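Letters A, B, C and D mark the chains as written, and numbering starts fresh at 1 in each.
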Amino acid sequence: MLTKEQIAQRIAQEVKHGQYINLGIGIPTLVANYIPRELDVVLQSENGLLGIGPFPYESEVDADVINAGKQTITMLPGSAIFDSAESFAMIRGGHVHLTILGAMEVSEHGDIANWKVPGKMVKGMGGAMDLVASAKMIIVAMQHCSKDGHFKLLPSCTLPITGVRCVKKIVSDLAVIEIAPEGGFILKERAPGVSVEEIKSKTAGKLLILDKVPEMQFN
Amino acid sequence: MLTKEQIAQRIAQEVKHGQYINLGIGIPTLVANYIPRELDVVLQSENGLLGIGPFPYESEVDADVINAGKQTITMLPGSAIFDSAESFAMIRGGHVHLTILGAMEVSEHGDIANWKVPGKMVKGMGGAMDLVASAKMIIVAMQHCSKDGHFKLLPSCTLPITGVRCVKKIVSDLAVIEIAPEGGFILKERAPGVSVEEIKSKTAGKLLILDKVPEMQFN
Amino acid sequence: MIQKTVKDAKEAVADIASGAFLMMGGFGLCGIPENCIEALLEKGISDLTIVSNNAGVDDFGIGLFLKKRMVKKMISSYVGENEEFERQMLSGELEVELLPQGTLAEKIRAGGAGIPAFFTPAGVGTEVAQGKETREFDGKPYLMERSFISDFSLVKAWKGDTAGNLIYKGTARNFNPMMAAAGRITIAEVEELVPVGTLDPNQIHTPGIYVQRIFQGNKYEKRIEQRTLSV
Amino acid sequence: MIQKTVKDAKEAVADIASGAFLMMGGFGLCGIPENCIEALLEKGISDLTIVSNNAGVDDFGIGLFLKKRMVKKMISSYVGENEEFERQMLSGELEVELLPQGTLAEKIRAGGAGIPAFFTPAGVGTEVAQGKETREFDGKPYLMERSFISDFSLVKAWKGDTAGNLIYKGTARNFNPMMAAAGRITIAEVEELVPVGTLDPNQIHTPGIYVQRIFQGNKYEKRIEQRTLSV
């Protein structure tokens, strides 16, 4: 089973040179730490910044420079600031190539639920609905099952969804999975030491095993 | 009969303190010269400027600072530059209070035609269609008849129109006219020395004379 | 230039009454109109409808309005980090309309720009689509969204001049420019109010035409929600 | 940062072929991509569809394309001041779509922003409304307008950095920012190309995400159409 850091590390392998990327809150934010330095990519923060830099040192903290998780951050040389309408023009217009975000549930058709648990939790969708409706490549970072053992990879979502048929890839603590165009979770890679059987038993939706399923590689 | 300058001078009397104003090409541009200095107003140029200043002196000419008539101009202290989408956001959103523009024809219902003579001249509507569809107050500066004696204030326009039921007021070389909500040209003022009879004979649309018709006053 | 200066926040918000439809700039606590918020708290009005991306935290920003039960309805995209909010919402005391953040931003932008409606892919097939027209363009489904115009927009900028021109700093810009354009009356509070002619016309973020009142705020706490440091 | 620099105009436009759908920035001759225009003239391609507010003058700007019969269709708001244009249009050699300037600007803005369609009051009841859906909102009629996306957008800025961030000067900004966002490939030519970190992030007009190629122009004539002076 992967740690959160390892999930982030595996997702970072999906990043390509020249991409503009939006990282959601939580595990996705950690991905930034593992993107190879030789790749030039730019991180977008939907509250209005291209070129997210590292967290500031104490002396650099500026309350007017935060990311979408409301964390204090820095800007990189070449950064640009813009308003929220422009930020989502960028996202909606397909200029952001890759979106990485968390999920509570994903269906075998690529539907995603991550913004509401009726009667329990309603924090709102923030920018997630715009992101999943627009980005060309959407990767979900998530735990394969909930802590109390409930399935999260399902035939169809039980929670209110964030977007329809949008997720392309999932990296969980157990596996790398792609969504088949006609529906189904294609098992592409296993976490080190995790068996195909275990993944099968923890996936409620249709799991497709088209080929040998190698272990994930980390360098 | 008024000169072009006098038409502009009479229109300037309609300007109110605190207004944002868009002036079209031709006579409307001249209005700027007659706005009383004690009134604070701001002139908008639809190519992306608030705060049009006077023409530049030779040494101040900047090819990157022009008005919508492509004339070199200057900016005033407090000016702001913006792009064309923002400029028409301003116009369409009703933030520009007063639009003054020329016309080839106006109908008694306030329709205006000023962008096309089929088969002869097609320069395009530029920003005129947006302006007449949006501004709260639209004043037309025009010659009452064409040079060859054709009527221009008509029951309905014969040329392709620029906007429907939008003109509120006309200042011609002969008269100040308001458009009646139910249709008709209400004669409000005569040019010095011009008789009501003459105006009647030069207006093809329904001319309404509700009251005594004073001569225009110039100071 | 047209002069827009008012004395202070109290004068600026004097005619905002109970039942008003307000827009308030800011993302989290970043770029919020702190001085106007304080002045409204003192007025003690109620039944407000507020468009704001977030709802502050329990003891700062719009959270303070919630505590005093000044709000009838919130229109936001994300309302976590606020327990009193959650309590009022779940108990039904507070009406809440949640919208995708980009849809929210664009509805406000459209309002200021005289566009009554537009189409967006965000929210298609979700709860957000309920009661909205869905329509295909080039084979892809979109929702039709209507625009927002406020009675009063309360925005916060870094610098402003007496003609109402505004410049924002960093990510404190966020929703402020669109809200400034979408207010019937827009009140701008700034950290520094300067004479006209001081700001470079090329660098104005909000042209003065959108601003009816401007004043320099008394003080800015600029509270940080997540102080995250490199070590 | 992602590096976008190309050597010159020739390299920048190398893959623009006959039949392409282009957007070209500028209002009149102010803010036009002079170096890209020259490079395209040398390539001698044809059947172009060009979105540009104006069509240049007979011997400068897009007027030069018209002289060489490179243009199949112009989409503009105002095309006066160009005799060859008028001749080709009236003879039927040139297809022309005239749009209200604000509609043109917003169609481009919508294209870059992923909005397939929006409603505007401009043109209701006129020739422009032909074939378009008219719809009432709050008792007022509006036209539905679709968005534009170009194969290539050619824009001109004052300063730009190697990551594609752009700053415009004066009214040379005009249509350039929206077109930059609405191009599948956007080529920016600038008067001064600077290293990343030189431009203030708060003052970027076009964020680099919209720009795929950038170069410093060889020279700029910046011809003035109406040199009007105070005396």
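Quick note on the criterion: a contact is a pair of C-beta atoms (placed from the backbone, for glycine too) under 8 Å apart; a residue touches a chain by one contact, two chains touch by 3 or more.
Just so it is clear, the model here is predicted, and its values are computed rather than measured.
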| item | value |
| --- | --- |
| Lowest number of touching-chain links that must be crossed from subunit B to subunit C | 1 |
| A-C against A-D, pair bridged by the larger set of C-beta contacts | A-C |
| Label of the chain whose CA centroid is most distant from the centroid of subunit B | A |
| Between subunit B and subunit D, centroid-to-centroid distance (C-alpha), Å | 28 |
| Geometric centre distance via CA averages, subunit B-subunit A, whole Å | 55 |
| Cα-centroid distance, subunit A relative to subunit D, in whole angstrom | 36 |
| Residues of subunit C whose C-beta touches two or more other chains | 106, 109, 113-115, 120-121, 168-170, 173, 201-202 |
| Residues within subunit B bordering two or more other chains | 49, 75, 81-82, 85, 88-89, 91-92, 134 |
| Chain-level touch network, classified as line, ring, star, complete or other | other |
| Chains that touch, pairwise | A-C, A-D, B-C, B-D, C-D |
| Subunit A-touching residues of subunit C, taken from the complex the two chains share | 27-31, 53, 76-81, 86, 89-90, 96, 98-106, 108-109, 120-128, 158, 168-178, 205, 222-230 |
| Residues on subunit D engaged by subunit C in the complex (per definition of touch) | 106, 110, 113-121, 137-138, 140, 142, 146, 167-170, 173, 201-203 |
| Residues on subunit B engaged by subunit D in the complex (per definition of touch) | 45-49, 54-58, 61-73, 75, 81-85, 87-89, 91-92, 111, 116, 119, 122-130, 133-134, 160-164 |
| Subunit B - residues contacting subunit C, complex | 18, 20, 40-42, 44, 49-51, 75-82, 85-86, 88-96, 134 |
| Subunit C residues touching subunit B - in the complex, by the definition given at the top | 1-3, 109, 111-115, 161-163, 165, 181-182, 195-197, 201-202, 204, 207-210 |
